[in-house]
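Presented sequentially are two complexes of chain A, the first with chain B as partner and the second with chain C.
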Partner chain A sequence: MSVLLQFSLISHIFLGLLGIILFYAVLMVLFKPIDFKRIKFLRRVSLLGLISFLSSWILGGYYYVVYYGNIVKPLIKKSAYPWAHSIFMEAKEHIFLFLPFAALVAVLIFYILGEELEQKQAIKKTVIILSSLIVILGAIMALTGIIISGAARLR
Partner chain B sequence: MSFLSINSIAHIISAIIGTGAATAEEILYFKDIRDGKIDEAEARHLRITYKIMHWSLIILVLTGFGILAGVRIKYGGTKTFYSPVLWAKYTIVLVLLANAVLIAARKMPMKWAGSLSLTSWYAAFALGRITEKTREIKWLADFLSKFNFVELYLITMVCYILAVAIVAIILNYLKKIIIKKQ
Partner chain C sequence: MENKKFKIIHSAICGAIAAVIFIVAITVAADLYLPLKDWLKNVFSHHWVGKGILSLAIFGVVCFFGWFLPIEPSEEKIRKILNLLNWLLILGTLAIFGFFVWEALK
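For the complex of A and B:
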């Protein structure tokens, strides 16, 4: 694996995790009353989370197209764990798409509504559910990544 | 120092700090609850240990994945990725994170929150050490190899749930004695 590909893989993992951690922080703050200071935090952190997910998507895509598709995928399919690709990677390729768009919705809500979010409790509850979904899906993506990597027995 | 070593060292340090903070949190809580209530100054101390636990958990997650990435790049996928003991550890870390969210949402009964947190930190720490030791101690590796993935995972989780229950009983009993002494 070239240095660029190693960098892509590691960055894909860390940026994805960073996105999850940032939305975890968003979730924790959403349980408190929203004031000016907290809405500033929510806007910045959710935007950083969105950028992390988008960057992870691009780097993961590069790694997949340049290396995983041609080298790793055939190895996994020939190994004792072909389901690691056919079930988990295939699922991951589709489910992950929810993350950046759900993150975008959260960012837009924080920027458009601002402190008004505290008066609109129904929308606030929805954003809490949305952020929880982002964190849960993100965790599932991270864990499926472990399953897929584990099947790539190169030796 | 390699990427793998840096992550391994940071992982161990944050595990020690996080477990220490969880222990300190419980000790401080019992010290503060002696008068039957927690005032603002006492709550401030608890918030500090809580923040240390949170940051330790974040660093643990990042460095844990860093270790896996390092192993993946250096050795390819290995048995480590499918270790039932490690998967039990991931489950426990998820429980810790969920516990924190439920506490913030005020949906977690306090009689369970403390024992879940404390037991989870020690359990994750212990499972990490067991995973390391199976590489060094032959009899341990031989013993664990008698079980398949599902069996070992379930055994670990049952032990964890029992430990949480036992610690909850002990902590609630201690709380009753301490408050009764008023």
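For the complex of A and C:
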């Protein structure tokens, strides 16, 4: 594997995990009353989370299209664990596409509503659910990634 | 001013909802109807790249046209449509996982 592909794979994992951590931080702050300081934090951290997911998408996509599909996928499919690709990779590569859109909605709400979010409790509660789903889906993506790389190592 | 803020948020949520529905639909359709998968490969070099680009395009188009929808978004309407997005994220995840489990077992 070339250095560029190694860099893409490692960065994809790192940035994906970073995105999850950042949205977890967003979620924790959302449970507190939103003031000027906290909305500033929510805006910056959620934007960084969105950028992390978008970067992870591009880098993971490059690795997937150039290397995984041609080299790793056939090996996993011929191994004792073909389900690691046919179920987990197939699901991961498509469910991942939800994350940037969900994250973008959260970012826009923080930037547009700002501190008003505290007065709009109905919206705040649904943003808490949205942020929780981003963290949960991100964690599912990370876990499926572990299953796939495990299958590639054990083949 | 508040109405304008709500309208931008409403349009973005509509775009995200359309993108999530599209991703689920094209994922299932392209696996069941191979000419669609081949078309995605031919046009975008890889079916997954095609799904990503098309979902971004659908998000953009629906956001744009969502702005012109003759509705007055309120706090309650934003809550309802955001709840719909949350449910679609859950159901979309289950649908995609379920579909690939079914495909692997059949």
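Keep this in mind: the second predicted complex is superposed on the first by the 152 of 155 C-alpha atoms of A that agree within 3 Å, B and C clash if a C-alpha of one lies under 4 Å from a C-alpha of the other, contacts with A are read in each partner's own complex, and residues count from 1 in each chain.
Simple rule for what comes next: a residue touches a chain if its C-beta (ideal position, glycine included) is under 8 Å from a C-beta of that chain, and two chains touch if they have at least 3 such contacts.
Since this is a predicted model, take the numbers as computed values, not measurements.
> With both structures lined up on chain A, is it a clash or a fit for chain B and chain C?
Fit: chain B and chain C sit side by side once superposed on chain A.
> Between chain C and chain B, which one touches more residues of chain A when both complexes sit on the common chain A?
Comparing chain B with chain C, the partner touching more chain A residues is C.
> Would you please give the vertex angle at the Cα centre of chain A, with arms pointing to the Cα centres of chain B and chain C, as a multiple of 10°?
Computed angle, apex chain A: 140 degrees.
> With the two structures laid over each other on chain A, which partner does A:V26 touch: chain B (first), chain C (second), both, or neither?
The answer is neither, since A:V26 touches no partner chain.
> After the superposition on A, what does A:M1 contact: first (chain B), second (chain C), both or neither?
first
> In the overlay, answer first, second, both or neither for which of chain B and chain C A:I95 touches.
Second partner only.
> Mind working out whether A:V105 is in touch with chain B, chain C, both or neither, as first, second, both or neither?
A:V105 contacts chain C only, not chain B.
> Give one of first, second, both or neither to describe whether A:L42 is in contact with chain B, with chain C, with both, or with none.
Neither partner.
> Between chain B and chain C, once the two complexes are placed on the common chain, what is the minimum CA to CA distance in Å?
After superposing on chain A, chain B and chain C come no closer than 18 Å at C-alpha.
> So in the complex, which bits of chain A are touching chain B?
Contact set of chain A toward chain B: 1, 6, 9-10, 13-14, 17, 21, 24, 27-28, 31-32, 132, 139, 142-143, 146-147, 149-155.
> Mind listing the chain B positions that touch chain A in their complex?
Interface residues on the chain B side: 3, 58, 61-62, 65-66, 68-69, 72-73, 75-78, 80-82, 90, 94, 97, 100-101, 104-106.
> Of all residues in chain A, which touch chain C in the complex?
57, 61, 64-65, 69, 82-83, 86-87, 90-91, 93-95, 97-98, 101-102, 104-105, 108-109, 112-113, 120, 122-123, 125-127, 129-130, 133, 137, 140
> What does chain C use to touch chain A in their complex?
Touching chain A: residues 5, 8-9, 12-13, 15-16, 19-20, 23-24, 27, 45-46, 48-49, 51-52, 55, 59, 75-76, 78-79, 82-83, 85-86, 89-90, 92-93, 96-97, 100-101, 103-104 of chain C.
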